[in-house]
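Should a chain be cited, it is by its letter among A, B and C, assigned in written order, with residues numbered from 1 in that chain.
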């Protein structure tokens, strides 16, 4: 492994780090910027993913659709009393092509309600493809694959 | 990113790694050594932090106060049957000045009681300022900002 | 820290990353390959570990025993409805000898049942010794030390 590979690895970790802090700080307006314009974004269950079901709970095929989603969320939720905390671990480069990479990473999201109750909100893996654009990495494809299939309340927020 | 930046990044990860193992091994006597002499340390809730409330649940303005706290803990707790396990994720350099850095990181602490019950004990973020001193990084300022505001039982241990 | 040390650090993180994805993807047949032929593997509780009790819940003294264990698991469990998700954090080099390293790392495993219930399944630390063999790192010794002593259901899977 040369310095170039080391730097790339840290850049990718940085990407997930920035992504997570954007979500946990509820700065959702910045969230679409982590994606390419022609991105694919989906939240689905492992069960559906393994069965090759194309549709997910959330499904977007462009950055503009992500922006629309944020707008809808902001209109719907006047007040959001809960907080989310992401833990990301074990980021792995699965395949490396010229300017795109396939990655997998584990995540856990803990939700804290205003009264203080903490719950395991979501666990699963990110199956991502990132592409280098204008000197930084963007998600060209992100499958958020949840271990659980009970994900109704997830509708509220991106993961 | 050059080698120097890469090394700095790994040193900072190392700092959190060492910090966490110190706490999880209950080697609290070593805990104040992670801080500068004139450090600021506080545990507070996100709600209080966002509202700009100055005081926290725990509040110290020097390394000596941290030592006193450890002494008090050791006297109060003859026997500590529970274990804590920290998970730290997404360490981010927010701002870099000449010899100090502002950092944010996510954490989750799981508590295991002697009988085996595991609970989500605390989730939140560290808002830290680290300073290079005698060849190693020390916390000059550490705000432990908890997602929950129900933190009474936290009084027992540093985070 | 020179480039060589940086590369080694990332290689070790990679080892844990690969290990975790192998388990979480239920590719248990590949699991013994992470170990040396004469490996030691044990799952034990912190209580037993601290008391110096030699035996653990799972105890193996060779890679072949790990393979046997996987075979037994496959025969016993026709259908495994639950999913496991590992989070690993704070990997630390405790001691570095010529071609072996002592490491400690924190882990958390979340289990999701088919109906969607998520639970904290296991938390603890890995106390490992890794050895460089044929250009890659292998576990020569792995102690999975659980914070909890209630670990009966753990019998099902490696950690």
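In this text, a residue touches a chain if its C-beta (ideal position, glycine included) is under 8 Å from a C-beta of that chain, and two chains touch if they have at least 3 such contacts.
These numbers come from a predicted model, not from an experiment.
K.L.:
Same or different for chain A and chain C, where same means more than half of the interface numbers show up on both copies?
P.N.:
Both copies, chain A as well as chain C, present different residues to each other, with under half of the numbers appearing on both sides.
K.L.:
Can you give the rotation angle that fits chain B onto its twin chain C by Cα atoms, in degrees and rounded to the nearest 5?
P.N.:
Superposing the C-alpha atoms of chain B on chain C needs a rotation of 120 degrees.
K.L.:
What whole-Å value do you get for the distance between chain A and chain C if each is reduced to the mean of its CA atoms?
P.N.:
Computed value for the inter-centroid distance: 27 Å.
K.L.:
Which chain A residues reach two or more other chains?
P.N.:
3, 6, 87, 89, 108, 120
K.L.:
Considering the complex alone, what residue numbers of chain B touch chain C?
P.N.:
Against chain C, the touching part of chain B is residues 3, 6-7, 10-11, 14, 16-18, 20-21, 24, 83, 85-89, 108, 110, 112, 114-120.
K.L.:
Across the complex, what residues on chain B touch chain A?
P.N.:
1, 3, 6, 9, 46, 87, 89-92, 104, 106, 108, 120, 123-125, 147-151
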